[in-house]
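In the two complexes that follow, chain A is the common piece, with chain B as its partner first and chain C second.
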Partner chain A sequence: MYVYDEFDRAFLAERVAEFRDQVARRLSGALSEDEFKPLRLMNGVYLQLHAYMLRVAIPYGTLSSDQLRRLAYVARTYDRGYGHFTTRQNIQFNWIKLEDLPDAMAALAEVGVHGIQTSGNCIRNVTTDQWAGATPQEFDDPRIWAEILRQYSTLHPEFTYLPRKFKIAITAAPKDRAATKVHDVGLRLHRNEAGELGFEVLVGGGLGRTPFVGKSVRAFLPARHLLSYIEAIMRVYNQYGRRDNIYKARIKILVHEIGAEAFAKAVEAEWEAIRDGALHLSDEIIADIRSRFLYPDFQPRADQPAALATALEDPAFAAWHRNSVHPHKVPGHAIVTVSLKAIGAPPGDATADQMEVVAALADDFGWREIRVGHEQNLCLPNVAQEDLPAIWRRLEAAGLATPNVNHISDIIACPGLDYCALANARAIPVAQEIAKRFADLERSRTIGRLHVNISGCINACGHHHVGHIGILGVEKNGQEFYQITLGGRADEHAQLGTLLGPAVSYEQVPGLIEDVVDTYIELRAGPDELFIDTVARLGVEPFKERVYAAH
Partner chain B sequence: MRLIENGKLVEDRFARVPDDEALPEGAPVLIGIERFLRDAEALKDWPAPVGVIWPNNRPIAEIAPYLPQIALIALNFPSFRDGRAYSQARLLRERLGWAGPLRAVGNVLQDQFLLMQRSGFDQIQPVKAADADAFDEAVHRYTVFYQPATDRRPSLLRQRLGRSVSGVAE
Partner chain C sequence: MASPQQQKLKVNGPVAVTANRLTDGAVVWRTAQEDWSPDLADALIVTTADQAIALLASAQKRDTDAVGAYVAPVVIEADGAIAPGNLRERIRVAGPTFELPH
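Moving on to the complex of A and B:
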């Protein structure tokens, strides 16, 4: 956990006071809605289809049990008893009243939680691997670097009115769980041949209506230069990014229009001028930030303890264990994914009661720590293997132990037309219906790893371009239609999906997905070939032939 | 329009003169970029101070050769949502060594005063009179600053270490 100190707490209190004043000036008419809008957005306040929505940051996906309980409190007191976890390590409350917002924010600020820079044309909440600090795969804890960036970017005087929003993601493991290649800036932390820590810097990735995979502009940036290099990127973008058209204002368009090489050249020139200035990260500064992360005092334990072996004889526990439990860097421990994808429920939603169950589990078994991943699930990153049966029983009782992590029913979906003012089509009910079709565990297990991502409009909040199966809702003559893409992925081999064929109606989607999956089962080289690999091997054509012949 | 300089309401000595009007003799003037670039050579001998409004879509580095003859630089915010002039201001202060007056003009509102001040503006010309009155409060809302910028406020990265190092300018 990162521990906020008196500076962070003072800042948050000042921010809440400022927003209270801004709300008052809006209500008095001193601020027009046009003037107020960016101010509220930069505090995470949206005006949605039915009400104001508050988006709260979960920096680098890390929450304490007290913070999660406070989120539950806000859900219960100011919302309708639930919250929605997003694809960018945020939680959204969809039914908060404008006049209640400062109080809700003050309640969150007491435990160091806020909505600052979860929206607006600024540097957004920096995201990373939800297994950070726990996985044996990583070169360093990426949260150290995410925290350095969080501090640097908070109310940055120069970069608060950028051409458009700006999203940074960091991975410190070769296996990318943070979708870094589809971010404005993606940072891959690794060590060079000399053993020094540094970043590969990717720029210009992103989804939305013009999707791109990020381009590498620097293979190795020594870690101490992180802030000066980011500042150079931001300064080039702030000056030269397009502002004439909101749909062409993201950095990906600038990089695409002038070319990655020319962009990198401009950044390097700017960086040369500032690299040894005030942003230089000395060892002391890095050590200071690092010291503010407290790690569990792990006791050595035996792997596969007897209690676990006995519990695994229960097929229900074994099924959950197979999907939800992942290797930990410390022997005898495990990382647990908590599925927020119960069959038939909106993906990523958690009730206040469920949040409290997870918080209590973190208290009892997980060093009071919870993570949130971009797949819209929660995670207990540090638990002892012998406690897994007890954890499972309590998750199961709360409807949080669906054994579908990474399966076809573990769907990423945006709020869609049920909530969002931008959406053209529903996303949640599509996800619910697909999940129901594949509710049978045996069938789901036979299919194996398969990511379905659904967006209710071209803005792509459901990341449909990088779903193994991507579903995009569009509107045609007042009707909801859906385009299907295959073969997208958001990991270290990130690529955009290929369009399968003509869009189909709302009613046809679940059946079509079943046909796609049946085709995969028929065509795969063997039970070990994942869906994504079959699509890579054969292309979409054989799928297209089968699926459209059937419809 | 009110003008705030280093936190105090001051009288604007500079007359803003449109491109198609003759320059008044003997008085400080603030002029547009086109006239300035066209007449730059002649303006060197102008008997009164000349300021220029530099547009936010022209690279600020191009102003370098003219700095010795400029008495005031005004940077424009066509909309408060257009933040290009923040970068221009920092580059003027930190890269080009501009120590003279730097004024924020255009759609200048109180919720951006602090950002302007931190980016190196010492003169601010707000659109709304009430915003000018709120200046002091607006720039003192915060006691905590996470990152170094052009101003002399200590940044948190270093403050936490018990040291106080101010911005890049030093």
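Moving on to the complex of A and C:
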């Protein structure tokens, strides 16, 4: 965990007091809605279809058990007893009253959590791998670098009014779990041949109306230059990014219009002038940030302890273990994914009770630490293998042990028309219906890894372009219709999906997805060929022929 | 999609003016008494663009009760009851279309 200092705490307390005053002035009429709206947005407060929504950032997806318990408290006290985890490592409370918001924010601020920079044209919450610091695959803990960026970008005056919002993601493992290639800036931490730590820098990725996969503008940036290089990128964007047209204002449009090479040249020129200036990261600064991350005091343990071997004789436990438990860098330990995708439940939602169960598990078995992944699941990153049976029993009792991680019912879905004022169509009930069709977990295991992503409009908060199966809600004559794409992926081989054919109605979607899956099972080269690989091998045509013939 | 506030006003049937209550964001409807009600049954229904524009203008006069006012389609049912005119408004009136987590 990162330990916040006095400056962070004092700043948050001041910010809550300021917002309390703004709300009072708004309620009294001293502030008009036009004056108040930008102020509430700066604190992560949106107005949705039927209530205010508070979006709270979970920096680099890391939460302490106290913080998660506080989220549960806010959900129960000021909301309707649940929260929604998003694809950007945020949590959203959907029903908070404006008059209660200052108290809710004060409760969150006490544990160092807030909604600042979760809205508006600024640098948003920097996201990363939910397995950071725990996976054996990584070159370094990416959260160190995310924290350096967080400190640099928080309230940065030059970057408070960018042409548009700006999202950065970091991976430090070759396996990209942070979707870095579809962010405005994606950073891939690795070591060069000399063993030095540095970043490959990708720019101009993004989804929405005009989706692009990020372009590499620098193969290796020594880590100590991270801030000066990001500053150079931001300056080029600030200067040349379009402010006249909201649909053309993201950095991806600039990179696309002038080309990655010209963009990189402009950045390098800007960077030359500042690279060794105030933003140069000295070894002392890096060491200081590093020292504020406290790591578990792991005791060496044997892999595959006897207690685990015995528990694995239970097929239900074994199914969960095979699906939701992942290798840890320390022998005898494991990473656990906590599925927030119980069959038929809204994807990514957790009740206050469930949050408390996970917080208690983190206290009892997981060094008080929880992670949030962009796939809208939670994670216990540091548990001992011998505790897995006890953890599973408690997760199971709370409805949090569905062994469907990375399966077809582990659907990423945005709030859609059930909440969102911008939506064209619903997303959550579509996800629920598809999950129910694949409720047979044996069948979903046979299907294997298959990511379904659903967005309720072209803004693509459900990342539909990069779902193996992507579903986009559109509106036609007042009715909900859905476009289906196949073959997208968000990992290190990121690519955008290809349109399968004409949009289909709300009622047709689940059946069509079943047909797509049946076609895959029939056409795959063998049980080991993943859906995404079959689509890559054959293209969408054979799917199109089969699926539309049936509908 | 552009929110209804940003779309061109089209009136080809009965409409009402709706907004979100300032204090808690709840859905409210403009009444004949120049007030707001959480109950669609209390809404003043108009049927021409001129009436709708006038109703919207009166609703926007003060912004301390409700915010984001716009004109929304409604349907008058056989028994005279007023119902929301499209899915978006149905969801605003009745809430999400699935069971909320509990």
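Note that in this section the second predicted complex is superposed on the first by the 541 of 551 C-alpha atoms of A that agree within 3 Å, B and C clash if a C-alpha of one lies under 4 Å from a C-alpha of the other, contacts with A are read in each partner's own complex, and residues count from 1 in each chain.
Rule of thumb we're sticking to: a contact is a pair of C-beta atoms (placed from the backbone, for glycine too) under 8 Å apart; a residue touches a chain by one contact, two chains touch by 3 or more.
Everything quoted here is computed from the prediction, not taken from an experiment.
Peer 1: Assess the superposed three-chain arrangement around chain A: do chain B and chain C clash, or do they fit?
Peer 2: fit
Peer 1: After the superposition on A, what does A:402 contact: first (chain B), second (chain C), both or neither?
Peer 2: neither
Peer 1: In the superposed arrangement, which partner chain does A:22 touch: chain B (first), chain C (second), both, or neither?
Peer 2: first
Peer 1: Please indicate which partner A:273 is in contact with in the superposed arrangement: first for chain B, second for chain C, both, or neither.
Peer 2: First partner only.
Peer 1: May I ask you to decide whether A:426 touches chain B, chain C, both, or neither, giving the answer as first, second, both or neither?
Peer 2: second
Peer 1: Output check: A:49 vs chain B and chain C. Expected answer is one of first, second, both, neither. What do you get?
Peer 2: second
Peer 1: After the superposition on A, what does A:125 contact: first (chain B), second (chain C), both or neither?
Peer 2: In the superposition, A:125 contacts neither chain B nor chain C.
Peer 1: Which partner does A:7 reach: the first (chain B), the second (chain C), both, or neither?
Peer 2: first
Peer 1: Given Cα centres, how many degrees, to the nearest 10, is the angle at chain A formed with chain B and chain C?
Peer 2: 80
Peer 1: Quick check on the superposed pair: does A:349 touch chain B, chain C, both, or neither? Answer first, second, both or neither.
Peer 2: A:349: touches chain C, not chain B.
Peer 1: Would you check which partner chain A:376 touches, where first means chain B only, second means chain C only, and both and neither mean what they say?
Peer 2: Neither partner.
Peer 1: After the superposition, what is the least C-alpha distance between chain B and chain C in whole angstrom?
Peer 2: 19
Peer 1: Do chain B and chain C touch any of the same residues on chain A, and if so, which?
Peer 2: Touching chain B and chain C on chain A: no residues.
Peer 1: Which positions of chain A touch chain B when the two form their complex?
Peer 2: Result: residues 5, 7-8, 10-11, 14, 17-18, 22, 30, 35, 38-39, 121, 148, 151-162, 227, 235, 238-239, 243, 273-274, 277-279, 284-285, 288 of chain A touch chain B.
Peer 1: Going by the contact rule at the top, pick out the chain C residues touching chain A in the complex.
Peer 2: 1, 3, 20, 22-27, 62-64, 67-68, 86-88, 91-92, 95-98, 100-102
Peer 1: Applying the document's contact rule, which stretches of chain A touch chain C when the two form their complex?
Peer 2: Residues in contact with chain C: 26-29, 32-33, 47-52, 80-82, 97-99, 345-346, 349-351, 417-419, 421-424, 426, 428-429, 432, 457-458, 475, 478, 480.
Peer 1: In their complex, what parts of chain B are in touch with chain A?
Peer 2: 59, 80-84, 86-88, 90-91, 95, 109, 111-112, 114-116, 118-119, 130, 141-150, 155-161, 165-168, 170
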